[in-house]
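Pasting the structures in now, so scroll down.
Both of the next two complexes hold subunit A, though its partner changes from subunit B to subunit C.
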Partner chain A sequence: MAQLEAVALTAGYGGSTILNNVSITIASGCITGVIGPNGAGKSTLLKAIMGYIVPRAGAVRLDGDDITRLPTHERIRRGIAYIAQTRSHFPSQTVQENLRIGAYLVRDRAVRAARQAEIFRRFPILAERRRQPAALLSGGQLRMLEIGRVLMTSPRLIVLDEPSVGLSPALVDMVYGHLRELAAGGTTLLIVEQNVRKLLAVADFVYALENGANRFEGTPQALTATGVLANLYLGAGAA
Partner chain B sequence: MILDILTFIVLGIMTGGVYALLGLSLNLIFGVMRVINVAHGEMLTLGAYTAVLLGIVGIGGVALPVVAAILVVTFAGLVIARVLLRPLTIDGRVHEQRGMVMSLGLSLFLSNAVLAAFGPDYQRVPGIMARGAIEIGDLVLEGQRLVILAGSIVLAAALMLFLRFTLVGLAIRAVGENPEAAQANGISVPRIHLITFALGSALAGAAGALITPVTYAFPAMGFNYTLYAFITIIIGGLGSVWGAVLAGFLLGIAESLSVIWLTTGYNAIVGPGLMLLMLLLRPQGLLGRRLARA
Partner chain C sequence: MPNNVTASPILEVIGVSKRFGGVLAVDQVSFNVAAGSAVGLIGPNGAGKTTLFNLLSGFESADDGTIRFAGSPIERSFPHRIARLGIGRTFQSVRVFASMSVRENLRVAHMYGRNAGSSHFDERAAEILSFVGLTRLGEAMAGSLSYGQRKLVELGMVLITDPSLILLDEPVAGVNPALINEIARLLLELLGRGLTLLVVEHNLPFVTGVCQDIIVMANGRLLVRGGGSDVQRDPQVLEAFLGAA
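Moving on, here comes the complex of A and B:
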């Protein structure tokens, strides 16, 4: 069943158009990946899905409801969580305060305490450093904090913009291990990545964008079989 | 001489409380909304005239005019934020230049509105508040000045505790640090902007009600306080809470002490002078971060 849909989105900034008639469907309980070279429109697509920009044409639907013009914070209220590419946390606030901000919409104190305890069990280093400002965390610890932050709302759907960016291979494995676990627990994931190999290893379904348009959709196996990948990243001549 | 110095220091601490409160509230508004609010002093004017108005109908005392000023200016702040600032807000920040020009216009509008309503005369709140003094040896502390100091400290502390320990305070800090990320946590940035602007303005309004019993209220009084609020946050460091408090008191004391060497009236150069000196020697202010951000 489709949980989130972007239908024929055309979007950009100011006068320029970056996305042209792009459609993707995120099925419930799956990991959906979006890949594409720099400038393909991946981040713009996420911004339109999250409500940071209003598309010029097309629609975003969540569980069938049109949310194209809903402000970002209202989308969060409806169960989407978002981890931006950089600075999805608050550097001058402590680890604990970052988690508290993550639970902004959670009114029940007992629920918050239980979720925080669960996050600290998952990431013990965060418990150790709970009173320190997030600015003092390492890159890997920040990713843990960002994942922990969105888990405070127990979201149905998590949207991630390049979760591997700036991390060592070992840390990328760590992050993807946690993402796989979340997916196994029933959370729907939409992941945009530069790290294609890593994404193809976990995704159930992949979209490839090129120059702001849909280029491919299918399973990772189908994608590798078609040779689209080489075309995308090495240019048409390499295929 | 020693007594003079002590007296001037004490006087300076008392004015400093008001500067600190103004700097703190202006800093809050700038830090969260990025609006360079040139009309901040007019919020103080509105608070002062609320006290004057209450005085005219015979209501005085300490708490009542301050509470009334807070209510009136909170309302004014909500209207300004909703009607004038929201259209200038892009990606969770007020457009800096447009916000500043708008607030400049607002400042002129408000001071002239007060002029039209109350006339150009200097107004004073009569009576009860200005009475009384405490004497410690030869040092005389006027009752009302103590009230101003206590009021400023209580309000500043209340603001800090609010920002530090409440959920709304945390949301205000989050929006100040990164509005896009704040939205991604379900925080409504427009709502936090409304609260922040009303809160910051209300504190300036409260300062206005506190000071009118010892100074005169007049339509253009706000401009000077806007200036001093900016001097305070430039000396203390843009965005630094404790910097504003420290700078407010330092500024009050320096200005007051300078009267020993400079004639009253000429000591108005002390504040701007200190600000220029600070910009030359330490542009980020006493407790501010360096301007160049990585």
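Moving on, here comes the complex of A and C:
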């Protein structure tokens, strides 16, 4: 069943149009991937889904409801979470305080405590370093903190913009291991990645964008079987 | 066949490395650029392309290796000295003085160029504004121009330093298709005038249209070098762009 749909989205900044009539459907409980070369419109698509920009045309629907003009915090309240490509932690706050900031929508203290305990169980290193400022964490630990922070709202759908960026291969594996676990537990994931092979290894369904338009949709196996990847990344002359 | 082997190199990069903390951003990279050629430098994000540009233009200094421009070592030189030797560069995110006119932007760049002492600024500026198609916008504030026009101002600023080698960092990123073709035409014309170009760009059709000779970097290293179609058909190049599973 479609949990989130972006329907014929056209969006951009100032005078320039980045997304042109792009549609994607995210099925509940699945990992959906979006790939494409630099400038394809991947991050803009995520921003329109999160409400950071208002599309010029088209619609975003969550469980069938039109949320195109809903403010970001209302979308989060409805169960969508977002992890940006750039670092988004509060460096001078402790690990625990960062998690607490993530739980600003959660009023019930017992629920907050339970969720924090669950996050510390999932990421023991965060429990170990709970009283240290986030600035002291390594790149991989910060990614875990960012994932942990959005888990404080117990989201049904997590939108991730390049979770592998800036991480060593071993840490990428570890982050993806956690993402797989979340998906296995029923959380829906929408992941934009430049590390295409990594994403294809975990995604149930993948969309490829090119120059702000839909180029391909299908399973990772179907994508790999076509020549689309070489064309997307190396141009029309590629094999 | 790229002409880098036979023609005399204007730029020689020999075993250059740069480390940031635990990350080896540029790892033992060596290549030559022949005078009068256009070389494309491509690779996935994080390959080390911009770091290499920063080393070539003096914004960073190499931890190891030698960089020679027209025979002189420059790996310990400052950006203004390198500009005066004849290397110009543009930036990935366009850098112009927003509250100065286009012509004033050229004047600032001129002060740091090879011909800084010359009194022919006005003639040269007029010529360059005409070349990049900004004659009518010479008195406009650079900040009031479109992104694409500011890219052209930046190219004009490089040209007025009278470089023999231009390093272009993503010259068409964020630029509309019509202007992409125009920038390709300008670069080919500069090449025809004998300038040497080193172009970092993600837009493969653009880079293979301007450069017959392509260097592919991945993980800080030089992966392969060859003609556009060789590189496009090389499976290890595709794997580098797609990342490791």
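The definition used in the following text is that the second predicted complex is superposed on the first by the 239 of 239 C-alpha atoms of A that agree within 3 Å, B and C clash if a C-alpha of one lies under 4 Å from a C-alpha of the other, contacts with A are read in each partner's own complex, and residues count from 1 in each chain.
To be clear about the criterion, a contact is a pair of C-beta atoms (placed from the backbone, for glycine too) under 8 Å apart; a residue touches a chain by one contact, two chains touch by 3 or more.
Keep in mind the model is a prediction, meaning the values are calculated, not measured.
Clash-free side-by-side placement of subunit B and subunit C is the outcome of superposition onto subunit A. Applying the stated contact rule after C-alpha superposition, one finds that A:L105 touches subunit B and leaves subunit C untouched.
Contacts of A:A84 after superposition: subunit B is touched, whereas subunit C is not reached.
Contacts of A:N38 after superposition: subunit C is touched, whereas subunit B is not reached. In the superposed model, A:V196 lies in contact with subunit C only, and not with subunit B.
Put simply, the three-chain overlay gives an angle of 80° at subunit A, taking C-alpha centres for subunit B and subunit C and rounding to the nearest 10. Once the two complexes are overlaid on the shared chain, A:L167 sits clear of subunit B and of subunit C alike. By the touch criterion defined above, A:V95 lies against neither subunit B nor subunit C after alignment on the C-alpha atoms of chain A. Per the superposed model, the minimal spacing between any CA atom of subunit B and any CA atom of subunit C is 14 Å. Residues of subunit A that lie in the contact sets of both subunit B and subunit C are absent, per the superposition on chain A. By the touch criterion stated above, subunit A contacts subunit C in their complex at residues 15-16, 37-39, 164-166, 169, 193-198, 200-201, 229-230, 233-239. On the subunit A side of its complex with subunit B, the touching residues are 50-52, 71-73, 76-77, 81-84, 87-93, 97, 100-102, 104-105, 149, 153.
Residues of subunit B touching subunit A in their complex: 91, 167, 170-171, 173-174, 177-178, 180-189. Residues of subunit C that touch subunit A in their complex: 44-46, 146-147, 173-174, 176, 202-205, 208, 228-229, 231-233, 237-239, 241-245.
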